[in-house]
């Protein structure tokens, strides 16, 4: 499951004409005196009419999302917003915060931690599902296509992107996202393909008498983004955007609750926030 | 208007006890097998029930916002989402993107550009308004308090934080945010103080026959955040969070539409996106 | 000891003319086809004739250092090159490395950790010593000047910048740097002032029956840089430059010797490198 | 010429045992009270005896370099120290500096710009030369091996890593480094292989009546590092380390000589530093 962002051929490096740089183009935001126009919409008209999540979609995809897609955007962005104090990206931000660095430096250090092993699975899983769907388009059944792409990984002793979690045996976020995609009627071939993959993995696990790896939140987002027509690079942008608030919250807490220059042992903490509680009634 | 984040006394540096590090505490997110609980709420229950903007408030402030506060959060986050291709933070991200760096590195480089002259005015303006409100609490009228804090800046030849813009003479985002705060009935003393400051500045400009500086979006957000009880450091976190999608969109556009290693002249571009258009009817 | 980089008045923010940007100037490096000229010297002539440390001085200060200054530059850069696995900047780099991020991202995350409490003492100590020397120029003795600036910190319960260390009671690097400055005959008023400060602190400690705080490496570098005519901002640049190799070495070791996505407890490691040894004879 | 740092198989991701984390090991620096021991050598003994460049080698490679290797280290580090105001990494640092960000943030933003198209050629060229040397070890002549690896790139329309430059037709740094390697008698098979590659490219250019691409500084460093036994990842670390002083010098100049929040057009500047001059006599 090669990182596609790294695999473009070298020729691109020097063969691109460098003389057409004058008057370069951008299609994101038009600035005029007293006017800021996002993808065609004046920002002051967007304020109060689109949510932040919908406006993120507008910026990345160029259009206002339908209500169903908007709801899924919010859910995807919420699903990743924080994963506690122990992910290395959060620890990089906390270690930066403890030196007295400003919040923006802590956020930057945290964002840099979305490396190959941490957050890259959404893009990888999208390529994985696309490989299966290419087989379906050639006439294979979903089950056969899933069998081929899963077995290819297993034989190469590669992990299957979008499956399993080093902490959760059943990722509650994945189940919720699939349920929402079903209710909002946006499920399509990518969700079908990842379901087929999950079934294949369950069979292989049964044959080997091991525990099957369930779909994780990366896999669920990959499948739903695929069905929404969001390309892998945009899904990766969503991941980065979604994680910033959690990193900022941890950096602020580090600054406000802990002494500077402390030694942060990720395993030696406990949660002292509110007990588990229910959302206010109107929100359900 | 000193940067308060830098002015804490040195003594804090070494006098904090360093021996209580064991079992450090965090109140943001509790992780258990198959459970991720944000400020007390299971993330899978938050998905589909709170928006991303509301969940950002939950992470930073610890509670679910009221519907009115939630609407203002969305508007604040949207207001700052992008300011075109020319801010230095966006150019740092584009210059990083043109080297072939991954999106996360471009976002980090962009976030680092929220330095003293770029994005710091929200916090500064909150301290400025608080100084005025301290006088009000001592019995001064809003007009007199505003006169004192404005004149202090003018005499020191300091810029007034939250007023004026190097590009816009009337910031459309500020007007919209104030209108929303009025309609949602959350206006209070901070908005009243910034209005008094605006009036003072208009008088001083009339006396000097110069153009008055209107409230800019930093000032509007500072006043509204003040009235919502959001502390300056959290307002600064909101600013950083709100700007990440725009930076990510510009970095992606740089990668997708432009040759690598190009020389980026910020003044020599034009907008080729959609013409000005209206939001779909249901959104108004 | 306020951070001077943050204390410039707001007025600078907007009063600077913005129209003179065309044909901006740089005095560092001239690039012509097949020529790269550093501060006037062709880089290919510098290669093999100046060391990296001397060329760093050339870039930052504009001139080739004298042999004595060159030797002190090397010693200053070496003195800070690494401080083991536990500084938060190193941990930020290691936490980034464990996510699979490339080396440049790890280095960037590490550099961001040179915050207020970590590496800022050189600049602060230079301002501290300058405050004392201003008194000397008004006719005070070194002892009286030192007494005044030290007591001002003590009364404000501020730490004295350049003194004490959270780990070492006697910093071996400071002693060595002072000895070199003495042998190379570059000692002057800044070294004399920090010595007077050390004596004052010893007296105050004796009066209070506490342990005196010795000069640390930050203080020694501050004094020597002051005597070499290196301004505080350049001394800060030296600190950042000097620490990069150590951060890079730790990031590479993290990648090469440890599993990805591990939980890094800073207190729970041990050193398994070479035992203490002597430099080859020719080097002494 | 795939980026090897990205191509490790997925299986590594999860199959590494995660339970052996307790008492993790580091071989770089041992810290004891009043002792800092770098790779076995007390830092205060290294100060004044090894240069910064030699100590960088010690940190990265674990041993004190021989005098010849030490000289080449200095030359390699100097060769890359700056390339003027226009590289995107330098512009990212300058765009960050103009926002009022501290030097460390500017340096971090600059370092992030060593992306795929900017600075990655050293590693790529080392793998390219190793591919040729693998053929030599199987019995091919250098000329035949060079023909095979060059033609493979040409047929794939890939750029040859280590050859050509978008600005210089003859890189003065490459010639100087090869001359030093010859004089210091460290030339070996990697230099021989890149020379064979250069000859092959000259023949292909003659056949096609085009201009031949000469070895650039990345290629020269790749060949010399190869002959010194420095692995590709360490050579990449050297590149990052070597570029930091130039980035820091540009960021400081931006802060000291230019107004904040300016629009930086990379093409519209001129050099106003010292005219070309000669090194002091003793240095030649």
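Chains here go by letter, A, B, C and D, matching the order in which they are written, and residues are numbered from 1 within each.
Following the convention adopted for this analysis, contacts are C-beta pairs under 8 Å (C-beta built on N, C-alpha and C of every residue); 3 or more make two chains touch, one makes a residue touch a chain.
The structure displayed is predicted, hence computed values, not measured ones.
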item	value
Of A-B and A-C, whichever chain pair has more C-beta contact pairs	A-B
Numbering shared by both copies at the chain D-chain C contact, with half separating same from different	same
Between chain B and chain C, centroid-to-centroid distance (C-alpha), Å	34
Centre-to-centre distance between chain B and chain A (centres being mean Cα positions), rounded to whole Å	25
For chain A paired with chain C, centre-to-centre distance based on mean C-alpha positions, whole Å	40
Contacts with two or more other chains, residues of chain A listed in rising order	13, 18, 86, 101-102, 104-105, 108-109, 112, 114-117, 166, 260-261, 263-265, 268
Contact set on chain D toward chain C in their complex	5, 12-13, 16-18, 21-31, 33-53, 55-56, 59-60, 62, 64, 67, 71, 73-75, 77-79, 81-86, 102-105, 107-109, 111-112, 114-115, 167-173, 175-177, 180, 233-234, 236-237, 240-242, 244-246, 248-250, 252-253, 255-265, 268-280, 282-284
Parts of chain C lying in touch with chain A, wherever the complex brings them together	86, 88-89, 91-92, 95-96, 98-102, 105-106, 108-109, 112-120, 166, 260-261, 263-268
